[in-house]
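Down below are the structures I want you to see.
Below, subunit A partners subunit B and then partners subunit C, in two separate complexes.
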Partner chain A sequence: MSETRFQRMKDLPSTHLLGAGTAMCAGCGALQALQTIYDVLGERTVFVNAAGCMTLLSVYPFTPFRGSWLYTAMACAPAGAQGVRDALDILIAKGRIPPGEDLSVVTLTGDGAANGMGLSSTSGAIERGLDFLYICYDNEGYGNTGQQTSGATPHGARTATSGAPHGHAGFKKDLFSIWTAHRPAYAATVIGAEPLDLARKVEKAASLRGPRFIHVLAPCPTGWDFEPSEMIDVGRLAVRTGIWPLKEYENGQVVHTRTPHPRAPVEEYLRLQGRFRHLFEPEPDAETLGSIQQRVDDYWEAAG
Partner chain B sequence: MYRIRLHGRGGQGMKTASRIIGSAFFAEGFEVQDAPRYGAERRGAPIFAYVRASLRPILERGVIRRPDLVVVADESLVQVPAAGVLQGIDEHSLLLLDSLEPAEVWQERLKLQGPVLTMGSQAEGSSELPTVGARCAGAAARLVGVISRSALEGAIREELAGLGDTVVASNLETALASFDAFASDEGRVCPPEEAQLAPHTAPAWVDVPHDAAGISAPDVHGAATSVQVRTGLWRTVRPEIDAERCHGCSWICSTFCPDGAVLATPEGVPRIDYDHCKGCMICASVCPHHAIASVLERDAS
Partner chain C sequence: MTRALLTGNGAAAWGARLAGVDYVPAFPITPQTEIIETIERWIEAGEMDARMVTLESEHSMVTAAGAAAATGVRVFSATSSQGLLYAMEMLYGVAGWRVPLVLVNVSRGVSAPVTLEPDHQDVLAARDSGFLQIHCSTCQEVLDGVLLAHRLAEDPRVRLPAIVNLDGFYLSFTREPVEIPSPEAVERFLPPFDAGSTRFRASTPIAQAVAVLGGGPYSYFRYEMHRAAEQALGVYAEIARDFARELGREQPAVATHRMDDAEIAIVMIGSFATKAMDAVDRMRETGRAVGLVRPRLLRPFPRDELQRVLSGARGVAVVDQNLSIGQGGVLHAELSAAIHGQPEAPPILASFIGGLGGRDITTEEFFEMVEVTRAAAEAGRPPPPRLLYTEEELREVRKLQGIALAERHEVGPGEAHASRAPEGSGS
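This part shows the complex of A and B:
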């Protein structure tokens, strides 16, 4: 990525496009990542927002954005993006707006929409080659309604709908692979705690056309039960333990942009979060902890 | 009918307090409604909960506009317009505040006709926050005067059962101490005579012409209008930058602030936007030079 304008932390913007005063929780990992994403994308951006936490960004008459924002139902943000893209193309074709005033279309959804009910409209949009950027902020549950289990909830986590003693029995869906199986123009995983990696990937995604995917792991103080001040620490540990691999897909190839070496034990990440407390108290749940570690080890072994 | 409105910040346990009061009323044979108001129940943001209790069927629904008792878990909410703490308070309404300042100060400051009570001390740190709700529930139970100590205890055990014995024990201790502390104010809450429909005269009918949609629901063309919402009022702790220690690497604190509330001056010196900072304290945790301190909001200059 030698052509990037983000060589070091100092190159990240210190003034932000996104307005303050939104209703997101204090310490929100999704909002923190969105700050940099919006700074890199720029204000000539239309956001198509599926129902979720981020719906509360724009509560009439207030908006943190500098351009248009469209609210859709949970399942159909990519369909909304198609409508916006088509409208822009038609207006340009008819000469109603000059090509220089084109806008980029960005879908913003949570993991509930991205992994679950929005998956079929996403698949359809990629299939049609829609020129859009899909951002999924993944707080690993239905955060806006009290953190019920979603398709992105990790194994062993306690949610409003998966309780003790072992937490969620299923495993986090591999949304990145679902996307890359469609052979999109670009796909990447990012996290706000690694802002330089995030800025470079968003910069690259913005330079391409066609369906593009940015998957943001969004540590959630409210839903994951940790102190808001620890949000960045939790995010860094997600990377250092190898639980959240930072990677990108382009031209049929997956490349890891960060390989944690040595990998910290997953317990360091899990222990910070109340949603995994039952794995440590009153007695350590060695079996569940071991299986979480094993899956991470297996992933990196396969990744080579 | 008793109408109780509870105000707090997300995370203080006021929704749970409403459930405790509701269950205690129920145990005393009342018909009960208890419900939080759905909205953005964010940690630190103003939240509302309502309790209605009556010995007759409750036909009323929705928010409580004319409360008999208003319980406020966080005195800083009084100045937040969106919290609507004083909405519908008249000379019959009792206002109970969790505040260090005496009731007379609040009575004078807010120019209230009705009675005001204050209690306890505000929580010193976040670790004590969860019992604020219990303290409010205990006090409210005593103030209505129709809830026994045992009914309150039973309600707490029932509502908090899923949280483990330690949490139940600490909440019980706080709530019962609060219940006992308000012994001399037992029964201070006086529901007014129920309003009757019969003598009510409908106001004269006024025809208002329809406005065009563009006038009645105008488009917002302004950019970043959210800055008009002062989320700084959510804060209980604030970051303060020590200019001596700050090395001016504003891209760090500014990038990690979720709310864009760390601004850089043209010289690159970071400055906190206290109108919007929610007090998450991420800036303090990521500052490589430990130049950002946590200061309790009420101790802030």
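This part shows the complex of A and C:
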């Protein structure tokens, strides 16, 4: 991280590349992260998108991207990235376009696609060593359809398909580990509320070749039920409680880029969100709260 | 030009090679696999300047194919049956992207019950996807069809993907003499790929396949696809003339055989049409005025040409190697819609279903279908649809059912048991 051009907050771009006026909700944590990601990646990119909230960024005849965009379907954005990357390589190799016309290929999907039906095409793309950057904005549910439970929904969360009294019975899938088990060129977790950490990781990912993964926790005011103005607070608490570990994988090693110390109790993060209200009202659900805290503690203990 | 004995799969691979395709996303499936294996060998030997990548599914394969075509290279791919169905979402998708790739489908019946043998259920499931469809009945037509499909799909007036269909086993694994045109002749017919404005470049950013809001823009783009496909009829006629000039073979949108004074016409697609042709010749020897009509293009549907060649016939026997469950033969319904109410339209349009899952259609059955149609024309009353099946075939199935039943009694419940076909024929 020593060679980063992002040493302090003022090194972050003050104006954004991504255009304004999109259809995203107020306080969208995914859009906030994408602003910084796009600033770092730049416009010589083609975003290959899977069905999700971000599909509504480009609605005919508008696009907020200064670069290119291709919508595919829910399951197959990495395969779309494969086709674009291969075609650009072919065109350059055959001398039909100058290397200066090349683009970085970026896959942009939500957690529903990334953890569910898109996993097969993701695994295939990594296994083939595809030179692409995969960005997953993770709002922990099928957000665009009204926050139903996805493979990324955390334990205890109420969703449109996991109701009270206990919320979602399952546990958030460990997508980061699924990726790193494939030994990609790079993988990192980020959050928009920690923009310097985010910018450095995207910068590093952009400097590498091969399959690269940026996993963005995307606090979602509509899906998680909090005020849009609290989006940054929710994001910071996700990190401070240790619920969202900021880490990166490179050369077979996982390194935490931030170790919260001391860790705030998970309740501070959960309390801000209506999706966890049933854990506090009418009576505190000590068992569920305790098990959530325990899993976080166990994680950090194992992380050393 | 050279002449060689090629399988249908080999002919498809030669079509891709001569078309100078840049990119071949692939996934193995019987009976198509020989196509991608052949291409891979040529690439490895340096005889073909293309890149092949094996995806993890046909859904991804068609996505990669569409995305590469949207980036501006010439793309070829191939699949069969379940693969085509698995890719179906993206067939509709990439057709909407208006990318001109070519997909060979080696027809095979669809599951369940699972089979490896051919019929046209798979390719007709893609009927409404926006892919154009060229149907082949010989290995030569497969090679020619791939070249025609690239030229047609890439025409600026069309810009839609195309499927070239051949029957599994009957064409895919059957060797026939095929003329392999010289690369120079192909080059005169098929110019280098021109991506037009459909491409991703750093200097000219573009958003493709974006969402629309509301039925107005949605309808506009869907209508545009339909109009492009309809336009493809006239374009096909043009390019078929160019093809005949440069490569010396006629490949009209609707092929006919002995239709000049035919009172009864057989209408069908695919390799079994060559059996129909042979049956027609035999019936002609016995003095029956019978002919064959074989649409080579199924999308766009050559409505006017079919009306023209069938006008004046007294009856038509439509042979469908597919079954729209609860409706009947797809070709029959399509042809009915095309000729209904037209002056001189044949009054009798008889429907026959046969050749499912590799089942043969015999010469005797062609005779019988023509006879049923002729009798209906005499009586002035359309016959009920017929599902071709012989007593012998039924006896064979009864034997299998008997074995299944006996095995079940023998082994008893809760232990290893005889297999059960999904529709309950084992009970």
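Here is the rule we use: the second predicted complex is superposed on the first by the 304 of 304 C-alpha atoms of A that agree within 3 Å, B and C clash if a C-alpha of one lies under 4 Å from a C-alpha of the other, contacts with A are read in each partner's own complex, and residues count from 1 in each chain.
The rule is short, and it goes like this: a contact is a pair of C-beta atoms (placed from the backbone, for glycine too) under 8 Å apart; a residue touches a chain by one contact, two chains touch by 3 or more.
All of these numbers come straight from a predicted model, not from anything done at the bench.
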item: When subunit B and subunit C are modelled together on subunit A, clash or fit; value: fit
item: Touching partner for A:Tyr71 - first (subunit B), second (subunit C), both, neither; value: second
item: Partner chain in contact with A:Ala81 - subunit B first, subunit C second, else both or neither; value: second
item: Subunit B versus subunit C as contact partner of A:Lys94, first or second or both or neither; value: second
item: Which of subunit B and subunit C A:Gln253 touches, first, second, both or neither; value: neither
item: Three-chain overlay, vertex subunit A: subunit B-subunit C angle, C-alpha, nearest 10 degrees; value: 80
item: Partner chain(s) touched by A:Leu56 [first = subunit B, second = subunit C, both, neither]; value: both
item: Minimum C-alpha separation between subunit B and subunit C after superposing on chain A, in Å; value: 5
item: Common interface positions of subunit A, toward subunit B and toward subunit C; value: 43, 56, 58-60, 63, 65-67
item: Complex contact set, residues of subunit A against subunit B; value: 9-29, 31-32, 35-36, 43, 56-67, 192-193, 195, 221-222, 227-233
item: Subunit A-facing residues of subunit C, complex; value: 22-23, 25, 49, 51, 53, 55-57, 59-61, 63-73, 89-90, 93, 200-203, 205-213, 217
item: For the subunit A and subunit C complex, residues of the former touching the latter; value: 43-44, 46, 48, 55-56, 58-60, 63, 65-73, 75-76, 78-84, 86-91, 94, 96-97, 100-103, 120-121, 123-124, 127-128
item: Touching residues on subunit B, where the partner in the complex is subunit A; value: 10, 40, 42-45, 126, 220, 222-231, 234-235, 249-252, 254-261, 263-264, 268, 270, 273, 275-276, 278-282, 284-286
